[in-house]
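Presented sequentially are two complexes of chain A, the first with chain B as partner and the second with chain C.
== the complex of A and B ==
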């Protein structure tokens, strides 16, 4: 099975002075079980696109097929619960996602709502809160009495707690501290490897390079590229033309090259960069 | 001659019903016109500290505690004068919106400060174009993307030209291009208007350009100093649950691969220079 968008258009506030076309004729096919990154500038339509995955927004025209569902402008809200059980979204602003009286109740809401029995719901909620670094002492506290990064962690745990088939993440690492960011990105990667699809919106090219298989690039409501990570970063000119970055390691290698220190391959991570620098130096010494 | 613009002594804070202190006996100073970065793990107390500086939160009565802003001690008498001096861009821009549309929102702070209408219109326009949002003047907040909201929140604060600007992860959702241009803008204001900047951030690269870095760990101040000093103390950084800038990580990785780089090679430019010099000898 796969995730298919066919000629999807989306118009905000149609027929009002605030009419704005958020998506223009978007078509793509994604392979289930992959890790997909969505990148693009501020306002390019990334969040708009993501909200179509669970029919929070329905296409003004066009068609979406995923997880056994068909979504069009005519889709009613009737069967959406079973769709949303399969497709979980962590929103860009975690505060908009939190609502329950306590942190634990918040994280249990999803599993209970989607029919898990209470014991299992609690077990799952606790498991994911723990993995997201939320201490047990906090479970009975209001989720709104947390720091920004802690709220983000609770919001992520609340979606992972019902273990959706397709996990959609809207800049999930914004506001996380550097150690937390690494830990949580690798939790997403592990989640994908365990047989789920992960869709990640991010501005962080280092994360794209390290975790994603495929990339969708949006620009002004249009899909301008759908390719593999390797292919994307092999095209620095194309990236520069579209004001997009390479990963930090690749940018550094580029500067080295401009100054006469050439590496055989473009490194995408610090580990690769250090390896090729040291290899080059060893070759010389031998 | 530099002047001290912020002085904090023995500041602690506990939220109602919390078991732990969110801040534990913090003291630090900030010189006027400097760029101070505050870093620390999630929940270390950064936002709490920012809210204490402008009196949004009030510490418990304690004779040893002192907060002085631009020569004025923070107390109920001076509260409004101090609020006029400090502009905070909050972590979540949704909490900042008060106007029904973008331009009213940016005008709000100016109205509060009784800026004449003609001047106000000028400043709102200037602030919105500075952050690249002039074409969204009439848009309502819920119609904006995440990054657009952050830009508007920043415009709302630069319009009032505060003496001290506090950015609480205010560029966390901007694309790298957008983030750079906003940081450039703030730097320009710092230089041209003598503004003091406090930037709370998880973006370690960004802190390399600051004059001073303050590190918080579980409510405690564990270090303050220039970037080179802070990031050469790897043990402290690790203990505080933080990451290293790219250049320091690269040095670590190279060392794992048997390549040792001298410690004075502490910026990317120097590293390029160093490697290329070796290369030319090869």
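== the complex of A and C ==
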């Protein structure tokens, strides 16, 4: 199975003077079980695209196939629950969606809605709260007494608690401290490795390089590239033209090259960079 | 939700946009009074012509105005139909129990219909071409005399502009929160009354908390930029009368004179 978008258009406020085309003729095929990054300039339509995975927005025209569902403009709101059970979305600033009296109850909201029995819901909620680093003594406290970063983690645990097949993330790490960012990104990577699809919107090219397999690049509501991570970062001129960057490691290698020290392959992560430099140094010494 | 046109501003640059909000508000209220001068076919036609002239002068799509009238059309038709069946007088064309269709009934129901539609169209002309902020500034000026009765007009106007400014923000916020809870399996259209009422809690709590956060942030930002309660404030945009407002008033004067002449025919 795979995730398939066929000529998907989406128009905001259709038929009013505020009409705006949010997606233009988007087509792609994603392999299940991959880690996919969606990147693009601000306002390019990334969040609009993401809401289609859950039928929160339905295409004005075109067709979407995923998790055994068919979504078109005619899809009714009935039966969407079983789709939403399989596709989880963590929105931009998910801490703004917390509402329950206690942290644990908030994390159990999703599982209970999707028909898990109370014991299992509690077990799952606890498991993911713990995985996201929320201490057990906090479970019975109000989520509104937490720090912003902790609230974010509770909100993410609330989505992971029903273990969706496809996990969609809209800039989940924006505004977190560097250690926290790394922590939650590796949780998502692990989640993907355990047999789920992860779709990540991000502005951090380092995260794209480190975690993603494939990349979708959006610009002004259009899909302008769908390729592998290695291929995307091969061409710094193309990236610059589209307001994008290489990851730090690749930029470092680029600067080395300009100074006459050329590496064989563009390194994408710090580890790759370190490896290729030490390899080259060893070659020099021999 | 976003399809509601009443009370929405659409950017444009026709002559009506250049008029002063104070003049437009006064004219809009005056228009409602003027409508009651109309009492026969000629005067109602004049009012209709005048309104359509104003609608065309905005240079906005006619469809937009139709969207403004549409949500109310059933209410208007209902009122007209009541008039039609219950007004007596003149020649009777049809009769059944207390219901009857009479000459006056037909006339009255058409007049009522015109009155409603023209008032809606004219207020739509005002709100489509004037930003909520301008309207609140205009209202502040118009209500200035109340200051002498110790009514804090300045503060009321500020509260009004802030409220108007944040209506779209809170609407966006509501949609976002609803989507986030929908994604977590919340269902707002399912089940009985109690279940539905319960389903609102996951929307209301975050919405309430987010609005408080916005309000506190705004208050801090305002105070740190020097806002003090009760102090005299200068204005960034100063309202100024221009030739367009005289054109506006001249047209209304003309309409008034014409109505006064033809209402006795």
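What we mean here is this: the second predicted complex is superposed on the first by the 285 of 286 C-alpha atoms of A that agree within 3 Å, B and C clash if a C-alpha of one lies under 4 Å from a C-alpha of the other, contacts with A are read in each partner's own complex, and residues count from 1 in each chain.
The working rule: a residue touches a chain if its C-beta (ideal position, glycine included) is under 8 Å from a C-beta of that chain, and two chains touch if they have at least 3 such contacts.
Just so it is clear, the model here is predicted, and its values are computed rather than measured.
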| item | value |
| --- | --- |
| Clash or fit (per the criteria above) of chain B with chain C on chain A | clash |
| Which superposed partner A:194 touches (first chain B, second chain C, both, neither) | neither |
| Which superposed partner A:145 touches (first chain B, second chain C, both, neither) | first |
| Which of chain B and chain C A:76 touches, first, second, both or neither | neither |
| Touched partner set for A:98, first chain B, second chain C, both or neither | second |
| Chain B versus chain C as contact partner of A:15, first or second or both or neither | second |
| Greater chain A contact set [chain C / chain B] | B |
| Partner chain(s) touched by A:88 [first = chain B, second = chain C, both, neither] | second |
| Chain B versus chain C as contact partner of A:159, first or second or both or neither | second |
| Touched partner set for A:109, first chain B, second chain C, both or neither | second |
| Contacts of A:54 with chain B and chain C, given as first, second, both or neither | second |
| Chain C clash site on chain B (candidates 44-52, 116-124, 170-178 or 242-250) | 116-124 |
| Shared chain A surface residues [contacts with chain B and with chain C] | 12-13, 18, 96 |
| Interfacial residue positions of chain A with respect to chain B in the complex | 12-13, 18, 20, 40-43, 46-47, 92-93, 95-96, 133, 137, 141, 145-150, 152-153, 170-171, 174-182, 203, 205, 243, 245, 248, 252, 255-256, 259-261, 270-271, 273-275, 277-278, 281-282, 284 |
| Residue numbers on chain A that touch chain C, as the complex places them | 12-13, 15-18, 51, 54, 56, 77, 81, 84-85, 88-89, 91, 94, 96-100, 109-110, 113-114, 144, 158-159, 162 |
| In the complex, chain B residues that touch chain A | 15, 17-19, 40-43, 46-47, 91-92, 94, 139-140, 143, 145-148, 151, 169, 172-178, 202, 204, 241-243, 246, 249-250, 253-254, 256-259, 268, 272-273, 275-276, 278-280, 282 |
| Residues on chain C engaged by chain A in the complex (per definition of touch) | 2-3, 5, 10, 60-61, 64, 67, 173, 176-177, 179-187, 189, 201-203, 205-206, 209-210 |
